[in-house]
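Each structure below appears as C-alpha cells.
Heads up, the next two complexes both have subunit A, just with different partners, subunit B and then subunit C.
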Partner chain A sequence: MSSCENPNVDKDALMPRRQKFDGKTKICVRCKENTGNVVIRYSVYCKTCFFPLVQTRFRKSLEPSINATPDGPRKKALKAVGSLVIGLSGGTCSTAMLDLVAKSYFAPKNEPTGKLKGGKDHPRNSDKGVWKGKAGISYVEVCGAFPGEKDRTEDIRAVVESYSNSNFEFLPLRLEDSFDSNWWKSVGGDLSTSAQSLARLDLHLVNSSSESSPLQALRTYLSSLPTQTAFYSAVQMLVRLLLLHTSASRDASHLLLGTSLTSLSVNLISGIAQGSGYQVTEEGKEEWNPRPEHGMPLRIVRPLRDVGMKECTIWDWWCKLKIVGEPRSLYSGGKNAIGALTRDFIFGLESDYPATVSTVARTCAKLTPKEGSDEICALCERPAQHGVQAWKSRISIRSYQEVSSAVSGNTRPPHLTEEEITNLTKSSLDITPTSDHPFSLTPLLCYACHTLLTSRSSRGLAASLPQGQSTGDVPLPLWVRSSADMAISAHSHESVPLAVKMSRREMEKEISEFLLSDE
Partner chain B sequence: MSTISLRIEFGGGLELLFDNKRSYRIDVPSLVPKDNSTDAENLSTKETKPVDVDYLIHHMRDNMLKERVELFMEKDTVRPGILVLINDTDWELEGEGEYRLKDGDEVVFISTLHGG
Partner chain C sequence: MAPRSCALCLKAKSMLKRPKTGQQICRDCFFYVFETEVHNTIIHSKLFNPGDRVAIGASGGKDSTVLAYVMKTLNERYQYGLELFLLSIDEGITGYRDDSLETVKRNQEQYDMPLKILSYGELYGWTMDAIVSQVGRKNNCTFCGVFRRQALDRGAAMLNVDHIVTGHNADDIAETVLMNIMRGDIARLGRCTSICTQGEDTIRRSKPFKYAYEKEIVMYAYFKKLDYFSTECIYSPDAYRGHARAFLKDLEAARPSAIIDIIHSGEAFEIKEEIKATQKVQQTCQRCGYMSSNPLCKACTLLEGLERGMANSGITDRGRRKLDAEGPTPDNLRTIPFFRRPSGGYPAIAVELPS
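Coming up: the complex of A and B.
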C-alpha cells in the first residue's frame, strides 16, 4: 500500500480502502460485451452472465457427490441411490438453493407439443430423475424456542407450493419434535428406551420422573443450557438432527443444505471457537450413517459452498423470490453469542475484503484430524475424538468434585484424600450404570457437545428453567439415549482393560494371597 | 429549493426496520450539506454538494427508520451485510456512497443477514 501515509507524521492518514473492482472497466468479464451489474470478488458480471455463473458453481459443488462412486462418469449418468431432501429455512440462501434445484433438476421437460412422448408411464419418461421418488422439502419451525415469534410454516408451505411441482413434497417439522415420541416413532426410532431417559446437569442419565409435553421438554432442555452461545448452538444442532433423521426415514441418499460460502466460513470459525475443531471437515462435507436398518448412508451436501451470500441475495432479488424467514438473532437476543459475533466479524470482512472469506473456507477444507475416530457423539452424531475427557482433564482447570472421567496419576489435590480420588475416578470409568453410579453421558460426548452442556457462564444460566423443573431433571432429545445404548453395547463388547487407580487398601486386597504374613 | 424524486425498495427482511413497507417514493433536495446533516434549516450556512447515496442513507436514518439504527447503519454507511442496488446495478460499480442521485433513480436495500 504505497499510498498509505505515515500515521506518526500525518494523524489523519488512513489506509485507503481497496476498490471492489479494478475500476478500469465496467464491462462483464465473462461475455466482454455488456455493462456489468454486479461485482463478485473483484470481478464484474452482467445480469445475463450472472445466472449461469451461479448455476455452474452450484452444480460443480453438488454433482460430484450425487453418484455413489464420486469419480464415475457424470454428464449423462447422474443417478443417486436414494431420494432427496432439501432443508429450507426460508432465508436468503436456502431460498436460492431451492430455486436452483428446481430449475436444474426438476424443471418439466415436455415435448414442444406440450405432451410427454409415450405417456407418463412410458419407460422413457418414468424414473428419469436424478433422485428416486419425490424430493422432500423440509422446514423446521423453531418458534417453540423463541416465545412470541410467529409460526412461519404456512408461509414456507406457500413458497414450496409456488413451484407447483408435483415432485416436491413439503415436510414440516417443529423443533419440539426432538422430544416428541410420535415423531421419533415415525422416523423408526426405538421407544422402549429412548423416551424414558433424562439427564441431570452433572450429565448422569436418570429415569424420567415427570411427564411433559414436547414443547415443555424443549424449553426445559434449552433453559438448562449454561450460556447464550450454547442455546443458539443447541437450536442449530436440533434442526440438523431433525433433518438427518427425517431424511433417513425417507430413504434419502442426499440432504441439501443452503449453506453459502459466507455462512460456511461463519460456521467454521464459530465451530472452532466452540471446540468443534475436530469436526471441521464435517462442516463442509459430511456423510452420516443412520441407525442400522433405518436408512442408507446420507450425504449432507452444501451446494452453495462456493457461492457467497451476496450472490444468493442477488439471485433471490432478480428471480423475484420471496424471503419469508426473519433475521432472528438481529431482532431478538443472542447478539453476544459466539455465532452472532462471528457472523458480524465475517460479514464485515466480506464487505471490506471479499476474497478473505473464501480463504477461510478453503483453508479449513485442507484441515484433517491427526487421527481418525470410530466414535460418534451421542448428542450431535458427528465423529468424536477418542479419549477427549482424559485430554480435557489434562488441559483445563476443573472442579475435582465434578471430574467425571479424570484419569489416574494426577497430583492429588490437597483437599481430597487418596480414597476420595480413587472413588471419583472409578465411578467415572464404570460403564455399567447402577443405582449408586448412574450412567454418565460424558464419555459419549464430543469435546464441543460436552463444552456446550457444561461450560458455565459467569452470568449464570442463559434463561431460567420453567416452573416445576429442576436442573436435576432435564429432558434430552430422543436420539441421545438411543445413541447411548448403542455406545454402551459397543463398549461392553470390547475387553480393553481400563487403567483405574486403586487405593492402597484395594491393592493390598488384590495381592493378599501372595503376601507373606508379618509373623 | 429543487428536489429529485427517488424510489426506495427493501428486501431480505430490511423492511421490518422501515414500518414493514417494502416500497417508498421519496423526494430529496438536489443540493445537500457536505456533512450529510439532514437539518434543512441551516442549509444556507453550510457547504453543499449534489445529493448522493451517502446523504440518502442519512436521510433514511433520520426520516424513515422506525427502529434499531445499528441494524441499518455503521460508521456513516450501511451496515456490512446490506446490499445496495442502484437502478438494478451493484452500488460498488457506481461508486458506492459517492454516486450522484438523479431524478427517478431506484435504490434497493437488501439485507443478507438472514443467512441460511
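Coming up: the complex of A and C.
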C-alpha cells in the first residue's frame, strides 16, 4: 500500500548525513583545555576526559541495580545480597567491561606504602566488597558448534589471570554443557530418570532412543534447526542459559554482560524481527528467577548499555587490553541469519547516523509487554505470552483442520466436495496429539522459540550447518527436559504416556490373541 | 521429478509455494486460504456491523485492487451485509495517477460499487505538481502524506460512510514498526499495529490485509487476472522508509516469517503508562475542525506555508519561526473547508454510480 515511495532516487533526497563533528574546534568539550583525541557522538574529547566519561556511564548503568531495592538510596553503601558473575566472551566490549569492573570495584586498596592500613583482619579491610565472595568470570567456549574452530579457553584464562586479583575466579564452560548431566548436576539441576531421557520428535516430547555424548547431542540439536537464523540464535540462547544457571548455582545476585549500546540495539531489532517483542524489556533489563530451591533472583545487568562499541574499542586500545575472543563464526558467520543482517544494518547506521543507534535503545526502553504472564518458556526461560498458537493458526492456515468450523456448506473450499473436506478434516484430527499420543512441546514455548524450531527458510535448508544430521529424535538442553517433566507432571498426576517407538515384537505381543497361526 | 500434490487438499497438483508458510499448494487452495485468513482477521477484530457503509480506499494499485475484489467476495460469501463504496484520491501528479484512476473506474463497473474521486486540487487548492514546483522534491512526501490522510476522511464524510478500509499489507506494517523504532516515534509505534484506528472526530479506519504478505497479494492478483498499475511515485521517496524497506526485504529472504514475526512483536508490546502520560492530548483544529495534537492541524499548517510562499514553515521549527516573524495569518488566506463527521442518512454529495 505504501506505493508512493521510490527507493531508486538521487542521493540528495535521502536522509541528510550530519557531520561527525562541526569542525569548528578541536578542543575537548569537557575540560575545554586539551586538544581532543576522539569524537564521540558529534563531540570531541581528550584522552584524559575520555576515561571518566566512560566510567561514569558504566557506573550510572550498573549502580542503581546493585542494592536489593533497585533505584533506592545508595549514598552510604553499595551492598549486593549475593555474589557476582561476569560473562566474558573475550570480545571488545566484555573485555572493556571486565577492566572497568576490576578498576571500579576490585582495585586493591593498598596504601602508598604498599601495606594495608590496619592489617588484613582490620574491620576496615574485611568484607568491604560490594558483592559477597569471589567474583566468577564465566566464559562459554562455543567451538563445539563450529567444528574446526580453535578452543580459546586458555587464552581467556590468561586474560583473567593477567589481573592477578585473588577475588576473581575463572569459570570455564562449554556450549555442550547444556546437554551434559554432570554440569547440570553441578548447578543443582534435576536428574530424575524421565527428565534425563526426554527428547523431541518434531514438536513432541519422546523418550530418547539414543545415548550420545554431550558434544554429539549439541550438534544433533543444532543441525535439527530449520534456518541459519535459528542456528545462531540457538547458540546465543545456550550461552545465556549456561551463564544464568551457573550464576544461580553460585548464589549470585548479579550477572554482568558486556552488551554495548550498539550490541543492545542489534539485539533489540533482531529480537523483534524474530518475534520476541513480548520480551523486549528483558533485552535491556532482566531479573531471572531460578526455580525456588535453586537460589535467589538474579539480575542480569548490561553496564555498558550507554557506551557505544566505538568507545569500548578505544578503551581497550588506550588501556592496552588484549582482545582474544573475536572475530569468530558466532559473530561473523551466518550471512543469511537475521542476527548477522541486523548487525550489519545497525553497524552501518552507527557509522553514518550515530544517533539512530541510541534512538533504538531509548525507544525500546519505553516499551512494556501488553499483558502480564505467569508462564515461562521452557527453552529460553523468559516470559511467554498466552494464546500464541491460536494467533498463528488464525493468520496462516496450514491445514483444513485448523479451519474446520468454516469448511462446511457454502463456506467450504469451492473446489472440494463435502466428502473430501470431511476426510481432510478427519485425517488432520487423527494425527493431532491427544492424551494417547506424545505430549506436545508447543504449549511450553514462547512465540520466538516456537518460531525458532519451526519457521523454515524459503531456500529450504539451513546451509553450512555442522555434521551430525539426525533423522530421529533430537536431544533437548537439560533445563528444557526438566521444565517439560514438571509440566507433564502438572498436567497429569498420573504418568502421561510418552511416545516410545514400538518394536514388531511388542506389537505382536499386544495383538497375539487375534493372530491366526500360519499353519 | 513428479509434480507434488497440494499440501492442503492433497488432491490437485501444487502450483505455487506460499511465501507466508512455504507450503506447496494448488491455486484453488491458495485463493481459499488467502480469503479465509482475511475473513478471520475481519471476524476476530469485529471490524464491521451488518448494514455498515464501508469505503474502500482505492488507488488502482495492487493492494487496493485486490482488497476491493476480496471485500466483495467475502461480503457475499459470509453475508456481512456491508454497503461497499470505492474512494479514490487524486493527488494531481501528472502521469502517475491518471492510468491507475482508470483501473479504479473499471473496478467500479466490474464490482458494481459507487465511486468517489476527490482531488487535492478540489480540497486544498493545490495539486502535488504545484506543491513540488514550490517546495522541491525533498519534503514533498510530508505534504502528500498529511493531505492524503485528511482527504480520505473528508471523502468518506462526503460518502457518509462509517468505515474506511485501506490496503495496507503485512509488509507495510512490519516496515512501519521498524521505522518507528529507528526514528523514536513512540506515539506511532504504539498504534501502528492496531488493525483499526479511530479518533474522536474521525471515521473508523482499518486494514483487513494486515496479515497478508505483499507477495501473496501480487500472486492473488496474478492468478485471478486482476489488472492494476504499479504506482511508484515519480517524486522523491520517504528515505527513512526506504532504509527500513531494504532491511525488511533482507530479513524476509533470510526467514519469510520475519514479516509476521515483527507484527507479532509489535502487537505484544505497548508504551509504558508513564510515557503515555507525557504525550500530547488530541484536540480539534481551530481552523478546519479536523483532529490535531496542536491548535492548528498539520494540513492547515502546511497549507498556510504554501499560501504564504513559505512552505518550510510546516516542516522545520526554523521555518515556523520565520513565518511567525512575518506577522499574523492574513484574513483572506485560502483554508480547508470545515470538517464534519457523517451523521447518518444519505451521502452528502452525489457519487458516480456504475453504469
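Here is the rule we go by: the second predicted complex is superposed on the first by the 404 of 519 C-alpha atoms of A that agree within 3 Å, B and C clash if a C-alpha of one lies under 4 Å from a C-alpha of the other, contacts with A are read in each partner's own complex, and residues count from 1 in each chain.
FYI, a contact is a pair of C-beta atoms (placed from the backbone, for glycine too) under 8 Å apart; a residue touches a chain by one contact, two chains touch by 3 or more.
Here the structure is a predicted model, which means the values were calculated and not measured.
In the superposed model, A:Leu175 lies in contact with neither subunit B nor subunit C. After overlaying the two complexes on the shared chain, residue contacts for A:Thr359 are found with subunit C alone; subunit B is out of touch. Contact with neither subunit B nor subunit C is seen for A:Leu256 once the two complexes are overlaid on the shared chain.
In the superposed model, A:Leu441 lies in contact with neither subunit B nor subunit C. Judged by the touch definition given at the top, the superposed model places A:Val142 against neither subunit B nor subunit C.
In the superposed pair of complexes, A:Thr368 makes contact with subunit C only, with no contact to subunit B. Contacts of A:Val235 after superposition on the shared chain: neither subunit B nor subunit C is touched. Between subunit B and subunit C, C touches the greater number of residues of subunit A. On subunit A, the patch touched by subunit B and the patch touched by subunit C do not overlap at any residue.
Listing the residues of subunit B that touch subunit A in their complex gives 11-13, 16, 68, 71, 80-81, 83, 85, 88-90, 92-93, 108, 110-116.
Across the complex, subunit C meets subunit A through its residues 8-12, 17, 19-23, 26, 28-29, 32-33, 36-37, 39-41, 44, 59, 61, 63-64, 77-78, 137-138, 141, 144, 166-169, 172, 175, 177-178, 180-184, 186, 189, 209, 211, 230-243, 245-247, 250-251, 253-258, 260-262, 264-272, 275. Put simply, subunit A touches subunit C in their complex at residues 1-7, 9-10, 12-15, 227-229, 268-269, 271-278, 280, 336-338, 341-342, 345, 349, 356, 359-360, 362-364, 366-370, 385, 391, 394-400, 403, 406, 410-411, 413-416, 420, 424, 447-448, 451, 455-458, 460. Residues of subunit A touching subunit B in their complex: 20-21, 26, 36-39, 44, 47, 89, 91-94, 257-260, 262-263, 266, 309-310, 312-314, 316-317, 323, 325-327, 330-331, 343-344, 347-348, 350-352.
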